[in-house]
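There are two complexes below, and they share chain A, which is joined by chain B in the first and by chain C in the second.
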Partner chain A sequence: MAARVPALARVVRFVLPLAVVTVIWQAVVSLGFVDSSLVPSPVQIARSAAALLYPRPLLFQYLAVSLWRVGAGFALGSLIGVSLGVLMGSSSSVRFALKPVLDLLIAVPTICWVPLLLVTVGMGGPTIIIAVFLGCVFPVTYTSMNGARAVPRDVVLAANAMGAGRAAVVLLVLVPGALPSIITGLRLAVGYSWRALVGAEMLAAAASGIGYMIYAARAFYDVNVMFVGLAIISVAGLAMDYMILGAAERRTVQRWGMVTKTW
Partner chain B sequence: MSPGAGPPGLSVGRWVLPITVLLAVWELAARLGVADSILLSSPSQSLLAVVALAATQTAAGHSVLMLHVLSSVGVLAVALLAASLVGIVVGAIMGLSNSVYRFLDPLFTVMMPIPGIAWAPIFMLWLGFGTPTIIATGALAAFFPLAYNTATGVRSIDPKLLMVARSMGASPSRVLLRICLPGAAPSILTGLSLGFARGWRTVIAVEMIAARLWGLGYMIMEAREYLRPSLIYGGIILVAVVYLLLERLVVRRIEKITTERWGMVSPMET
Partner chain C sequence: MGHGDEDMVGRGGQETVIQLSGLRKEYAADGRSVVALDGLDLAVCANEFTVVVGPSGCGKTTLLYLVAGFEKPTSGRVLVRGQEVTSPGRDRGVVFQDLALFPWRTVLGNIAFGLETQGFAREEARQIAGQYVHLVGLEGFENAYPNTLSGGMKQRVAIARTLACEPEVLLMDEPFGALDVQTRHLMQEELVRIWEAKRKTVVFVTHSVSEAVYLGDTVCVMTARPGSIKGIVDVSLPRPRDARDGGVLDKRAEVLALLESEVRKTFALGDVERNSPDS
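Let's look at the complex of A and B:
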């Protein structure tokens, strides 16, 4: 973040360009420069969103389902990813055995797992949650491993000399030391999870979720609903990043006097 | 796939043993019937499925597998080229003008979290089923990191350099080509590398829903339709291998011949 700017000014700076673009967009469509059945105007999109909220709050239901899936997959992925990563960072033999596998798996686009899961697990929630899990577990493992490896050896040796066992070293030295990397990794992983969710829901959701909503709208050529979906994906993605992980970062890393770099 | 993931140099020796062990365990598990062997498949069956597809020829005498690979790589190349051209120009303008940067920054923030595949249904409506849609979504996905990193790179150039060049009468296009682009090169290459990863992912994903006949994503999705897990496994590994090869052989090489020759160090891998 740049130099201190008052909160209100920051909000205005963020919102003003978006408002200008929205007005121009509306004008271009209203004046008939583009076909509104292909590129809907902001007003049309807002109306469509309203229809999805009232009388039945379908949009909230979809969003709730999506958030549950992404939350479950991310929780699972970060738990296993951080544990495995710290383990790989602390033991060179584990690293030797697993690093090549990790290098290969991290290069697989998450969406590629979905057809496989469709065959083995079937349509629906479990496949989507597993896809989200696969989308975040490998990057989290990678960053946690790098974080644990970056903990100075002297610190580990000092802890050993003072009688700390292996478990104590991992929990009290390596995990806190790796925390800046772990949190950076988790923050990126929120994005990866969200991306995996949208893709998986498009291919594997039976009847609910934001990704499903966009994909199903194709059958009715309902471009308004597609844009509503994009807006929700963007807002929810940003909100998760800023609210959950931004706060976690401030609570832990900054208080402990470490500095991280995320964009 | 995290940005810039992977070891700096692909040391083959360290890979061989662990990967061999993994494949052996997998093969053994499939042979011993630990899980349903049709669903689990096995490395040998996956390899056979891929080889069989490579040996299958179209009427014109081309290998089917080769056409899938070349189609995906070709689409990615066109998408990346388009994204680089537009992204670098937009990024350079953003980098040079503070007001343009401040105007576009919120738009980028809003657009970045939207994955490429989410655009696919809209582009299918605009451009129809097939290659144009795949190229457009791939290019859109790659555009944002390219433009953003170019802007960051140009903004990091010492303003004195720009002032000196201008005061000595350099034209705007000369300033752009001789100072901005070389100065921002390491950032631009970071953007290219990120855009390449994003673009590849998006191309494969959109091929799954919008390809007519060719592409690795299409191949995997088709294997799913015919319930052939061995080809799905083979396809997944192939997608990863093609990605790693392209990254090592093309992206890293471009980095080498530009930044290293100009005596700059890429900030990508620290």
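Let's look at the complex of A and C:
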């Protein structure tokens, strides 16, 4: 086992390269190598962020709306994706029926659904949540199915020999056995969710959300606000991945020795 | 379904528990049909420790999986207590070659699995599982996950997990094959001790002749593929046995003599795999 790196050291290790990049960026803009109306400096972006927080905390309002949409779509997509995937992995007849559909749908870029949803569901939150759902349900289904299929035959037979019926095998063996794959799928899905969210918000949001904020800023040539949006999305995505799924992974499959630690 | 061993008294009579007759098993492999077993007959008596040895690829695992009900014979019959085996059942416990532990469950959780599926409440299941932790000497490791255990300890979990279901028959598929020599011998001693405490009908598959003669009441030697029973050596020697004891050596020679020509056939088949019989 690798020596455990102290928490503070890990934070420094993560923040330091970013700080260096930020300083260089600031210098490049301040020294006039690039046009600051096209590429704003970190200080300009920070000022712009501050203006979005005070006097009205617009940024928080947008973030809250976006988090709700991405959270709802992700939760729905994960729940259905894991259930469907494990069922497909456990039963060849379910798999034969659904695999071709999954193979086709997984190839469709999520943004393609949005015009259709605009016609059928209309502008606003529900369309965006459905887009996020569609963005993660297929990859999660796929990885969950593969995870369930990768559970060794003897492990399933062992459960059978100890009296586990079909339902017990699915719930007590295939779901935990597929967990390394499921968590990998969910981590990918966090990224897909944010992509779907921002895309859908640009097309379908009436007046709220981070994606809307970025898109609306183009009307005012407000590059600063666009950069604020980018920064918020990257930090929120990272937090979701690291704090929720990363923690889940460390507490489960890593602890059980089902995946190797990466650091 | 009592959880004591009061119903297992001594070495019972000669009633047959497992009856295999005219067993044939064919597999489709790469579009070809492979006959794993053909014309196999075997009777296993209650509370007896039966060891099956044979050259690699002779169908030892197939034989065990047929009794376990994981697979169905192409023809012939598998009877356990006179009933045709059609599916896995709690009356037949299996210890797998690769152990097949649940890595997401602790030692106690693994052992309690069969009790939970049997409908015991979680607490009760854990309490009974605790007795089996004690039986296999894993006290203090109840909450450890399998990935933190040594090979021999994992082995004990696998055995305890199977015994906790109180099966009448214990089917063991080369369970000690992956252990180093010293651990392997310790586990053999442990198994004899547990078997003497619990008195199950055991069918134990191995490719090691010395292991077979150390453990078994009877040693069944299988032919090269397609497997059938070539001969049965009755090892009626008192336990604990010493590998250097004259009687044990004689039995070993007897088994080896039966086995040798079959191993040669297997070599001639070009079927030299990872586990050729050691002595």
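Going forward, the second predicted complex is superposed on the first by the 248 of 263 C-alpha atoms of A that agree within 3 Å, B and C clash if a C-alpha of one lies under 4 Å from a C-alpha of the other, contacts with A are read in each partner's own complex, and residues count from 1 in each chain.
Throughout what follows, contacts are C-beta pairs under 8 Å (C-beta built on N, C-alpha and C of every residue); 3 or more make two chains touch, one makes a residue touch a chain.
Bear in mind that the values here come from a model prediction, so they are computed numbers and not experimental data.
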Dominant toucher of chain A (residue count), chain B or chain C:
B
Let me test your reading of the model: by the given contact rule, A:172 touches which partner, first (chain B), second (chain C), both or neither?
second
Report for A:157: first if it touches chain B alone, second if chain C alone, otherwise both or neither.
second
Identify the partner contact of A:14: answer first if only chain B is touched, second if only chain C is, both if each is, neither if none is.
first
Applying the touch criterion given at the start, work out whether A:229 contacts chain B, chain C, both or neither, answering first, second, both or neither.
first
Once chain A of both complexes is superposed, is A:24 in touch with chain B (first), chain C (second), both, or neither?
neither
Which residues of chain C touch chain A in their complex?
65, 68, 70, 87-90, 92-94, 96-98, 100-105, 113-114, 116-118, 145-148, 161-162, 165
So in the complex, which bits of chain A are touching chain B?
13-15, 17-18, 20-21, 38, 96-101, 103-116, 118-120, 138-139, 142-143, 185, 188, 191-192, 194-195, 198-199, 202-203, 211, 214-215, 217-218, 221, 223, 226-227, 229-230, 233-234, 237-238, 241
Residues on chain A engaged by chain C in the complex (per definition of touch)
152, 154-155, 157-165, 168, 172-173, 176-177, 179, 252-253, 255-258
Touch list for chain B against partner chain A, complex
1-2, 5-7, 14-15, 18-19, 21-22, 39, 102-107, 109-111, 113-115, 117-122, 124-126, 200-201, 204-205, 208-209, 217, 220-221, 223-224, 227, 229, 232-233, 235-237, 239-241, 243-244, 247
